[in-house]
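Same chain, two partners: subunit A is paired with subunit B first, then with subunit C.
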Partner chain A sequence: MDRIPILKFGNALLVTIQVDMHDRLATALEEDLTSRIVSNNARGVLIDISALEVVDSFIGRMLDNIAAVSRILDADTVVVGMRPAVAITLVELGLSLTGVKTALNVERGMAMIHDRLAGSEADDADDED
Partner chain B sequence: MAAQAGSDVASLVSNNEKTILPEWVELQKKAGILHTGRISEGELQAQSKNFLHLLHEALTQGGTDTTGAAFEPARGMLADLSRSRAQQGFSPSETATFIFSLKRPLFNALNRDNTLSAEQIASTVWTSTALLDELGLFTLEIFQKSREEVIVRQQREIAELSTPVVKLWEGILALPLIGTLDSQRTQVVMENLLQTIVDSEAEIAIIDITGVPTVDTLTAQHLLKTVAAARLMGADCLISGIRPQIAQTMVHLGVELNVISKASLADAFAVALRQTGRAVVKTKRIEGFALPEKKSGGQGA
Partner chain C sequence: MPTTKTERLGIRISDDVVRVRQLTRTFALEVGLGLVDQTKVVTAASELARNTLDYGGGGDVTAEIVEQGGRRGVRLTFEDKGPGIADIEQALKDGFTSGKGMGLGLGGAKRLCNEFSIVSEPGLGTKVTIARWK
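For the complex of A and B:
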């Protein structure tokens, strides 16, 4: 069965979806990501969907699920590179992915995760004082 | 039967062309078509003559079926005529008079013909009436259609004109909305905004609704959709320009926008600058761009 590769990028995970997502692939990705967050001790997950032209309600829910799961495991999820048409479709479907953070491209998304990590480390440092 | 009736009318037209044409033109003039000043007598004469000729040809070839191939040239001419009249601003009745005023001269010609039996006269009257009515309706239909085309084109132009996306600063866009927000316009606005966000890599979009006359629950929903879509693309939205009355109406209706909203575009821009880590500072005023060396004791801008 096909699997979507998950790349380690510092203490973040990078997933680039470049094929059409079908439901089984989505479920597999959800499971893989969950276990990789734990095994790599990742603090951020970056999902690049810039190549995705079609997003249905199932994929929308998958993104929401991944965000919810990684939040429990203390990792931020950022969905990046959504196409305008996809954004409109999701909004029309009533899925505004309120639990997911978004960014325009991978660069911005990575900056977002780093900012958050820097912020939390500063908090940790404050706690130690 | 139809072919017979058609040829009866055809021979009526061809035998009396000399008298029908001037009578017809006279009637059109009497109806006041020249008073509008939109068409000259020569033009009217040419149009009438041309149509009579085409009508005659069609009748001899294909009977009385106005939708048939034989009537193709006559229909084409009528279509051109009513389209151009629609654009020149003729009223529908002025346009239809062109065809309907042909009845009187035809019937007069029929009256003058002594060789016809009562039955023949009756059937010819019926055929020509039906024929001219059909052609008249066709003319009106084309007239209506071309007016509608004009309206559709104008609508499209208005939609395009009224949804510009303006770049205020690096990474900050403004979307001044003018006019009522219906679902079709929201779609255009949304597509425009999202595409510009991608193109200019914007982080913040300010939706300014100073020009939106009313905000009801539906409009608010459209606005929220736009905000949600922009957020999915990774851009934050601010809403500005909510007028006092509109703010009151929104509260009365229980409409909540759940986004940062500011009273004026300037306030929203200030917030956007702060969010992107920028600030506007006062410096010494420079008077005249061309002469920067000329010192002035001006106050800060």
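For the complex of A and C:
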């Protein structure tokens, strides 16, 4: 079966979804990402959906699940690049992805992850004092 | 309502849901729907195709380009011979689910279209028709 590639980028994982995913592929991505967060000690997950023309309730739920699971595993998930028409449709569908952090593009998403890491490192430094 | 183009597609495996999205997109483009309307009808089609597969045990979709009073639109009819829906009103409510979904499929699809109708008979199957007009 096909798999969506997951790239390691510093202490973050980067996923660019470039195909129209069938449900099994979406579920496989959810499972792959979860195990990679642990095996790579990742602190952030960036999911680029700028190529996706449609996000239906199944893919929306996958994004929600990934965000929830990664939070429990101490990693931040940021979804980037959502198309305006997709955002309008998702809200009308009734799915506002309240548990998912979003950013307009990859640069800003990566900055969000780094900001959070810088914050937690500062906390660690405080603890040592 | 005259139909100018018709295509039929089976929905048996999860790849077919992707094919239904692609077919709907092609028809929506041909009708000249704007980008947001295209996205809405393709998303609605995706929800209904998944219902047909997951709850109806598979079935098929008929996509049509229809004309009425000088307007063109896309009409999709999803049919299955599954267990049917006993309480349609309840099934249309957000949050109602009998399976693994979020319960947004039917109600969500209805909101994303201009026309929506559902006929279901327990034990005989379900037929859902949606349309989006330019």
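The definition used in the following text is that the second predicted complex is superposed on the first by the 129 of 129 C-alpha atoms of A that agree within 3 Å, B and C clash if a C-alpha of one lies under 4 Å from a C-alpha of the other, contacts with A are read in each partner's own complex, and residues count from 1 in each chain.
Everything below uses one rule, namely that a residue touches a chain if its C-beta (ideal position, glycine included) is under 8 Å from a C-beta of that chain, and two chains touch if they have at least 3 such contacts.
Given the structure is predicted, the values throughout are model-derived calculations rather than measurements.
In the model built by aligning both structures on subunit A, subunit B fits alongside subunit C without clashing.
Judged by the touch definition given at the top, the superposed model places A:I88 against both subunit B and subunit C. By the touch criterion defined above, A:D56 lies against subunit C but remains apart from subunit B after alignment on the C-alpha atoms of chain A. In the superposition on chain A, A:L104 makes contact with subunit B only, while subunit C stays out of contact range.
Shared-chain residue A:R71: touches no atom of subunit B or subunit C. Remark: in the superposition on chain A the angle formed at subunit A by the CA centres of subunit B and subunit C amounts to 50 degrees, rounded in steps of 10. In the superposed pair of complexes, A:H22 makes contact with subunit C only, with no contact to subunit B. Of the two partner chains, subunit B is the only one that A:V80 touches; subunit C does not reach it. Once chain A of one complex is fitted onto chain A of the other, the partner contacts of A:K8 are absent, as it touches neither subunit B nor subunit C.
Put simply, the nearest alpha carbons of subunit B and subunit C end up 8 Å apart when the two models share chain A. Within subunit A, the residues touched by subunit B in the first complex and by subunit C in the second are 83-84, 86, 88, 92. Residues 20-24, 53-58, 60-61, 83-86, 88-89, 92-95 of subunit A are the ones touching subunit C in the complex.
Every residue of subunit B that touches subunit A in the complex is listed here, in rising order: 187, 190-191, 194-195, 197-198, 201-203, 225, 228-235.
For subunit A in complex with subunit B, the touching residues are 79-80, 82-84, 86-88, 90-92, 96-97, 102-105, 108-109.
Interface residues of subunit C, counted against subunit A in their complex, comprise 14-15, 17-18, 21-22, 25, 35-36, 38-40, 42-43, 46-47, 50, 94, 101-102, 104-105, 107-108, 111-112.
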